[in-house]
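Here subunit A shows up in two complexes: once beside subunit B, once beside subunit C.
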Partner chain A sequence: MSILLYFTIVPLGTAFLVTLLRKKKGISDLLAVLSSLYLFGLSLATAGLTKSHGVMIYKVGGWFPTIGITLVVDGLSAFLLVAINLVAFLVLIYAISYMERYTDKWKFHALFMFMLAGLNGVIISGDLFNLYVFLEIASISAYALVAFGVKPQNLEAAFKYTIMGAVASIFILLGIALLYSYTSTLNMADVAYCLSDKAKNPLLVFIWVLFLAGFGLKAALVPFHAWLPDAHSSAPSPVSAMLSGVVIKTIGIYALMRIFFNVLGVSINLLSVLMASGILSMVVGAFLAIAQNDIKRMLAYSSISQVGYIIFALGVGTPLAILGGLFHLFNHAVFKSLLFLDAGAIEYSTGERNMDKLGGLNNKLPVTGYTSLMAAMSISGIPPLAGFWSKLIIIVAAVEAGYIGYAIVAVLISIVTLVYYLKFQSFVFFGKLDAVYNKIQEVPLAMKTALVILAVICVMGGLMLTGTFRPFLEGASNVILSGTGYKQAVLGAIR
Partner chain B sequence: MSLYFLCFILFCVGLYSVLRKRNIIKIIIGLGIMEYAVNLFLILVGYRMHGRAPIFAKDQEILNMVDPLPQAMVLTTIVIGLAVTIIAVSLAIRIYEKYGTFDITKIRSLKG
Partner chain C sequence: MKNKEPGMSLIVKTITRFTVGLVLVYGIFITLQGHVSPGGGFAGGIIITLAFIQLMLAFGQDEVLRKLNQEKGLLLAGIGAILFLVIASRIFLKPQQHSFVAEKHFQLLSAGFLSLSEIAIALMVAAGLFVIFLTLVLLIEEEEKEKK
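Entry: the complex of A and B
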């Protein structure tokens, strides 16, 4: 299955070519958009193949697994690959016009492609250390992208993010080192196999804590969330969309799911920790979001809150809850990147991010206004839109599992979410237009295209639960539900 | 065992420096110390007393060898650590240009 290799080779090759051909104007846009389009097609093809083949394995360098590195794609990986490459493709289309405001656009494209290679690598890797290396590629390029504007705030946010991210990475590496010393292997399926033979050991609890702290920092769960609002609001808007929409999910939630559910195996204690931290993130993120005046800071806090929903759903742990959690993950990737791109469009047209100083933009920026209305309605759970269904599933699953109190909190936070998105809509798009903004114009075509496509996906997202798309979602949740059955699936596919 | 313990102390020294120091440069140095503590731990994991390198030769029989995999991993983590340090130091230089100080309590244009 050598197509798996292209997920990292193509973006790395593009980054190289972009750097090589930096003198030619416009070529970096073309290369980046084409290669991300290719990756999106490839991820769709992979999703189709996993449906027919089950687990796909590629042995790097022909070395036999447990000695060599393997690349593994199963239902969960295919699901996330589609989400990542979809968002990356649309963000790059948007960036064609948006990044004109910055000098050295090719640097943006090169770093972006490195980040994409790292993200895809994290998803397809079947080896713990390899996962760590890809995770670092994605993180380091994200640190650089946050500082891309080199204004004082960007630098400060990037420094905070670098320190937090590096500490998280060191925790993860220490966890991997301890796990290696315990099982003498790095292949994830083989680690799960070795652990199932051994008796319970207190060392495993320490490894759990290290991974939880490391990936919790990367996913910005609440005690570790301080870096996120700064980093995500200071970055250029396409980068914010990528960071909030995809990066925290890939290197935080996906890696957490893969390692805890499939490799180490879950226990009641872990699930209750996940549930509690999910609820805490939900509540703290939502209440901090209300108080914000800066559009992008509000969206960043809202990300913390929505990630709380996903982690909470994983903690509930019933089949329905996990389905809902993954569906919410996909929806959040779409509508949060759309909202960040809309915030970028507002900033592009008016040069202002403070909600108090804006108002009545709906007449001047109709496309931005209506797409952000769709995204805001979807994220706050207005019925026909995608966000409603995923939240409904999570809450119903929580009630079914007997966590009535938590379910009530989730409903209340959903109302709070509606409140701050209404505030965003009314302060920015409704009301009277300030005379200062009489001459502003709608954003260029490339930006409009990306906004409209994302808004359509946002509206149609509910269809994922029906007919043809449902197996795609179920394939992903089945991988998590099979738990340490992952090792049989992978080791079975090797032979 | 005492080696592992000393390695853990080194890790804690680095963590303390990252969490408690106010000077950006000291924070970066703390990160480096943590990084090296983990590298040292990886080497210790694969180390055997009086072990030798596992290089195959016809006339020799290797009885006691060190595990080479952690050493390969450490090479990779050193490179990654270098990249993180470069990013952090270059950010520190730019921050000093803009703010004129290395003190993180004075660099506060972003409010939570």
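Entry: the complex of A and C
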């Protein structure tokens, strides 16, 4: 299955080519958009193949696994790959016009492609150490991209992000090292196999804590969330959209799911920790978001809150809850990137990010206005938009599992979400237009295209629960539900 | 008395003239012997960069920038990276054709594509590291100009 290699070769090659051809104007746009389109097509093809083949394995260099490196794609990986490459493709289309405001556009494309290679690599890696390496590639490019504007606040945010990210990486690396010393293998399926033979050991609890802290920092769960509002709001908008939409989910939630559910195996204790931290993130993120005046800071706090929903759903742990959590993960990738791109469009037209100073933009910026209305309604859970269905499934699953108190909190936070998104809508798009903004124009075509496509996915997202797309979603949730059955699936596919 | 010529004193310049070639050749040696002895593209690349840095310390920046400036450095780093990617994907996609295992042991021309990839890595590391060095150093000089 050498198709899997292209997920890292293509973005890396694009990044290097962009560096070489930086003098030619417009070529970096063309290369980046084409290669991300190719990757999106490839991810769809992979999703189709996993449906027929089940688990797909590629042995790098022909070496036999547990000695050599494997790339593994199963239902969960295919699901994440589609989400990542879809958002990346649309963000790059948007960036054609948006990034004209910055000098050295090729640097943006090169770094962006490195980040994409890292993200795809994290997903397809079947080996703990490669997961760490790709995670670092993605993180380091993200640090540089946050600082892309080189204004003092961008540099400060990037510095904070770098320090917190490095701390998280050290936790993860220490966890991997301890796990390696305990099992003598790095292949994830093999680690799971070795652990199943051994008796319980207090060391494993320590490894759990390290991974929880490391991936919790990367995913911005609440005790570890302080870096996220700064980093995600100071980056250029296409980068914010990638960071909030995809990066925290890939290097945070995906890695957490893979390692805890498939490799180490979950216990009741771990699930209750996930549930509690999910609820905490949900509540804290939502209440901090209400107080914000800066659009992008509000969206960043909202990301913390929505990640809380996903982690909470994973913590509930019933089949329905995990399906809902993954569906919410996909939906959040779409509508949060749309909202960040809308915030970028507002900034592009008016040069202003403070909600108090804006108003009545709906007449001047209709496309931005209505697409952000769709995204805001979807994220607050208004039927029949996509966000409603995913939140409904999570809450119903929590009630079924007997966590009625938590379910009520989730409903209340959904109302709080509606409150701050209505505030965003009424302050920015409704009301009276300030005379200063009489001459502003709607954003260019490339930006509009990306906004409209994302808004359409937002509206139609609920269809993922129906016949045609449901196997795609269920394929992903079945991988998590199979738990440490992952090792049989992977080792079976190797032989 | 202050030295009017850029760079350090005559002694340093003379010594540098003797040693810089040796350092460069040693870097190339480490790179080419990477697959049969300790070292390799990364270590060799760093030694090659050190030769350029020594030149810059002894003779001043203008002398070196005429030989290798940031533009050329970036170009070389990009070419090195592309070469490495091409070689790596060639090996990974058709592993049966290009065995990593040496047919003839302890010789310069053994181990198939592995020695070629060492050269690509050396190019990438040497050029990339030198560009990083230039970026850091030249930025400081610009700041000093602003202060004056």
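Heads up, the rule we're going with is that the second predicted complex is superposed on the first by the 495 of 495 C-alpha atoms of A that agree within 3 Å, B and C clash if a C-alpha of one lies under 4 Å from a C-alpha of the other, contacts with A are read in each partner's own complex, and residues count from 1 in each chain.
Following the convention adopted for this analysis, a residue touches a chain if its C-beta (ideal position, glycine included) is under 8 Å from a C-beta of that chain, and two chains touch if they have at least 3 such contacts.
Remember, predicted model here, so these are calculated numbers, not experimental data.
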item	value
Subunit B versus subunit C as contact partner of A:V150, first or second or both or neither	first
Which of subunit B and subunit C A:L174 touches, first, second, both or neither	first
Residue contacts with subunit A in the superposition, subunit B compared against subunit C	B
A:V284 touches, of subunit B and subunit C: first, second, both or neither?	neither
Subunit B versus subunit C as contact partner of A:F159, first or second or both or neither	first
First, second, both or neither for A:V33, with subunit B first and subunit C second	neither
Contacts of A:A226 with subunit B and subunit C, given as first, second, both or neither	first
Residues on subunit A lying within both footprints (that of subunit B and that of subunit C)	none
Subunit A-facing residues of subunit B, complex	11, 15, 18, 24, 27, 31, 34-35, 38, 41-42, 45, 67, 69-70, 73, 76-77, 80, 83-84, 87-88, 91-92, 94-95, 98-99, 107-110, 112
Of subunit C, residues touching subunit A in the complex	74-75, 77-79, 81-82, 85, 89, 91-93, 95-96, 100
Of all residues in subunit A, those that touch subunit B in their complex	129, 133, 136, 140, 143-144, 147, 150-153, 155-159, 162-163, 166-167, 169-170, 173-174, 177, 180-181, 184, 186, 226, 229-230, 234
Touch list for subunit A against partner subunit C, complex	2, 5, 9, 12-13, 16-17, 19-20, 22, 59-63
